[in-house]
């Protein structure tokens, strides 16, 4: 032995898991959805995604280096996830300048203002997305029509998302009729499942998102509590509305597969940093997101409620953490 | 005068009078005893009840300040300095004048003086390392070099010297708040009387081991030989647990003890170079 | 389904490299260093002076107070000095240093190898024997056993639990003991049952030691009241609260002791030591130590005298490999890293693990990403991430409310954290501070 | 010299908004444009100066126990005067500021200065203090209004300098909070630098 | 400084004095500003009326008449020139705006064609819904000279003839609703 | 107007703090700790309800009959100020425990423009007595909701690594902004 002995407090054994591994795990889980969206929206989707990811990483680096004067930590991969998810909830035909602005807000306001990874109370990607949505409602609600793989970067034809069509027409005709109106051309379930609908970049292909969910569950990146409680709540709530009045409400399955609900429930509500820590807390949080989502979708001004619902429940996360504790060992003694 | 003006006057005055009367009588009836100084302090406050101080209202602020013994963290932003001075007067509270002190680090275990015998790889916190073991050298008393004292300093008066691995105190910034003294798990830092031109003479060691082990762990450790105690004419030096201590209230900066120390554990700082020392050195060079 | 505790836990790689190595007897060292405090509670008081000649088994420091233990000489020879010497804590502690001359035991001690089955003593006498012979818990905490055996008035105990879990990776000393000293161990258990006046004893063993489970089942098949239970492999199953929960589904209340739920937990090593103390009148002067490591030439389990320098054990296992960077005294999850190889084996030394360079250093710490994995891992249902930040920010009142004192320092949280946060380092710091606060409050 | 200091302290060092965090509701509520901010600021300044004058003049006739009610009445009177005058002569601004005009009466800044300063100082100092604080307040409101207007509508004082709309959010409530948050940081930086 | 002691008498006197003076001052100011305020309000209304109907020489606000519609009241301001009605300004409303109520002044020529419309009050989002203001965009121009008999007062999305403001279908729809309400009532009372 | 609509509108859609910018000073000032913020919310609920009740009476039985609507500001504030003080004095004597829980926040409420603002707005919307009271209660719940949520986030940030210059009030504003942004989602629900 020629070196000095190392001394450190116990434990001396560490698991192989690490922050970058978890983050890149999410990136892998998002890959199918990215491929699907490139298939439907063409290279423009890839362009928006790359711009978003690259600018998020660059902003993180610049802010850490020159404003916070800290050691830049872009290697941990969290900025990549933020960039990806931000891009995933933007329309593919959004001007790139706005994509960059969104990244700046997501990283600068949503994350770095609070001290960087791990400190932000709100989901950074959603902060960026909602900022853009509230600032540029026109551009943010103009969707390209999915038309199979193509190489054009700017898609002039714009269509609507299924939910916005529903929102527009609830008062005019029964849901049945909306669904079958040729002019409105609502996508059917199989189109929803494979992703052939108008909408944000990453929200369209249900199968790809579910694939990612399975991957993340198996790799133990996330637990089932948040996604399942959100989806279940939405299903139950919309189910009740639907049974009560099928004329005026879409069925639960339609709600589950549209409007970025899957994207939000699987990838964005599960963001570690801004979601509750305990399992019980996660379920409360998930139920809250589910209820608010349906409220906004059905009764609010916006056709789309997931993004706001997640941000609103993000705000309640500290309270949930404060009042909902894991059950302590030996707390209430129940001896058999 | 038009009727509107008349009605205005009547209604408002009535309202005012009624309010005043009710308040007065209710206040009389529901009186609760309280420290009268609270009233006085409250009076001195702006009464805007704005919450700027962090309290729910001026009265709460007054209560807090009367109860507390110091002004730490208590300030009224609306009233500003004038108001705070007045409160100090009411409460007859003055910061007691103390003679200026300054912190010194009583360890000189630089890498060249103190051999590194292990490598620490835990949380960068002196208390944690201290509870674990002796630290990276064999001296169980000396500085661990993880800078908990520096973190504790709110006045930018300390930094870690990356070469020596020891904390350094910037005398001009040090306000002798004692935060570092409290923070150090090894009780290395001491507040000493501040002297002219920032001069200092102190034993830069806290090792209480016997001479042998102490010396083995660190070349400049105090071995408790007692030579300095003997040469000191002012009873400023005492030795206990194999360690010398110079009382800064008694020391007159004669510097006699410094050259007699066989290990060089006593440091003199900010003095002009001494002649004898030079001579000695020359002699050494000759020898 | 195998029994286990329901909440938390992790499963680090088991690495039981030395599981097949039988117990070897370590040759006598030239000199032993016996600290006078090898147990929880008050240190003993030295009873010998420099120059005295002592025999193996002779008392060299007497217990001071109830929660304390006698210290005996593990060798025969001359007291070289009574002075401070570095022990595994990394600090110098008062110790008795003896130069070894021959191997003479006190006459009162039965040094034969015969298995003495008959238990003649009654409860009080057994407890007194344990106290006289300096028996302390061998499961890690080295709590004086006679204290645990003396059920306080008003409390009652109906089942003895024997901890053969050995959930720490690498360690195999309990495993070997269960295999090789099975008969004596079972007698030890019976003695403990008699001391506690209980009818029932349950032995809990993790399911990665099937041979030990079988062997113990065989030995206990004829004995009423003793049962052997296989447990799912999950750290920290060996923690007594977890073991109690796993075996008898009782939950020791926060801040409480096993007796509060009618049980006492003893390690298998302790049961064996009790057998020796009661049947052979032999004090606790030697113990089985696992010496292991991935690069070590010959991972072994050795029976070593208390006070033997650690370096002797490592030499016996083939010497230190070149790329050694860390040596841990105890298991990898709870053991202490040593800075120095001259420290002695003590009553609590269950193993020595030699880590290679690539295993020795911690990875770089990142910010907490609030993944909640530490909460999931904590078997005590605590929130380690929170306790760490509360301690860092000096919010100790709050961390007391968050039950920081319930932490058993198992290290599962630090193990699992993907950001490599030094959770347990800070929690320990917080516990120390909160402990001080509580003490001060009580004094007031 | 002293009066000058008294006057300027409100701008940066003791700015009611950036340093003391007082009167935040109007600060956020009316600053959708620079001109609204300025209008509100001046209205508040008027009330501040006038009530300082009156309080300073009559301070010796008011028993302590009814100090606060008296001051409130005085301030409320001036607020009402502003309210009525504005309604009569600048109705458009009155519409824009809406509810926040009557709310000047509960602006901690006004009552606070009346209490903390005017009730203890002479007339001249009180006027200077009121002016300084009031103008500092106006400055803050105008600055915030300008920032929000530039970012939110791409114009300044109603003068449009880019085509199209700006970032709408800065006109909406979230933008108000966010802009003020960062503005405070920037002003603090500036304060330290200066 | 000789402060007044806080006894009941002093307190009452001081407070009464202050309220007296304050209320007197206020009453005075009120008297002074009463007229300008009324004038300003009237001016605003007249301005709107003037914008939406052709020149008149009477005082429409004096000849106002009301009609109930949908639980609220519409105000009709007839504009006359030389005694003949040249147009009627209808103050109408809708509750369907993005941010609640919108008040609109619609001017009808005697034959029922829309002369012009201006929005009086609204809380729509600046930058979006507020494009219905004349100062913000000339969106309302499309209503000029249209006869609601043939010009369907609905946004194109709903099958009407009105081009919605970009990204403000809701506001536009509400606006149409208000204008349509005015027209319905105007028609029903015309007869 | 239906009560439900009043309630949902005041709590979520037109939240008094996040959307109407009233009561910002206590929102920023007393939101450091969750417990304090709960106390403050309770006190606001109490005062806002009573104040709205009293000002309703004044508005409808004094100001309007005598046609002196311009006196609204001055009478309302006078009444609110006295009322708060009255409540405080009585509470202190009658129920010290309730005073400890709520009373300490009372003085702050005098200069909380939310109370005056709600009183005035209730008048502007021409609500009847019952509606006014519901309106006041709903608004104070909205205030409490925002305040307590906000306090939760701020307590969380105490443990976070907020960069130096952002610490304290600036970060509070950014959080408030993001909170307001999230609450924009409720737009149009009523």
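Letters A, B, C, D, E and F mark the chains in the order given here, with residues in each chain numbered from 1 onward.
The criterion applied here is as follows: contacts are C-beta pairs under 8 Å (C-beta built on N, C-alpha and C of every residue); 3 or more make two chains touch, one makes a residue touch a chain.
Here the structure is a predicted model, which means the values were calculated and not measured.
The fewest steps needed to get from chain C to chain E, moving only between touching chains, is 2. Centroid distances from chain B, each centroid being the mean of CA atoms, peak for E. Between the CA-based centres of chain A and chain B the separation comes to 50 Å, rounded to the whole angstrom.
Centre-to-centre separation between chain B and chain C, using Cα means, comes to 43 Å. The distance from the centre of chain E to the centre of chain F, with each centre set as the mean of the Cα atoms, comes to 31 Å. Along chain C, residues 90, 336, 339-340, 360-362, 367, 386, 422, 425, 428 each make contact with two or more other chains.
In chain E, the residues that reach two or more other chains under the touch definition are 11, 15, 18-19, 22-23, 26, 30, 98, 128, 170. Within chain D, contacts with two or more other chains are made by residues 21-22, 64-66, 68-69, 73, 76-77, 80, 84, 108, 111, 166, 168-169, 172, 174, 178. Taken as a graph of touching chains, this assembly fits none of the simple shapes: it is neither a line, a ring, a star nor a complete graph.
Touching pairs of chains, sorted by label, consist of A-B, A-C, A-D, A-E, A-F, B-C, B-D, B-E, B-F, C-F, D-E, D-F, E-F. Residue ranges of chain B in contact with chain F, taken from their complex: 4, 7-8, 11-12, 15-16, 19, 22-23, 26-27, 29-32, 48-52, 54, 56-60. Residues 18-25, 28-29, 70-74, 77-78, 81-82, 110-113, 116-117, 120-121, 165-166, 169-174, 176-178, 180-181, 184 of chain F are the ones touching chain D in the complex. Every residue of chain F that touches chain B in the complex is listed here, in rising order: 25-26, 29-30, 32, 36, 39-40, 62, 66-68, 71, 74-75, 78-79, 82, 85-86, 89-90, 92-94, 104-108, 110-111. Those residues of chain C lying in contact with chain B across their complex are 89-92, 336, 339-340, 360-362, 365, 422, 425-426, 428-429, 432. Partner chain F is touched in their complex by these residues of chain C: 367, 386, 389-390, 393.
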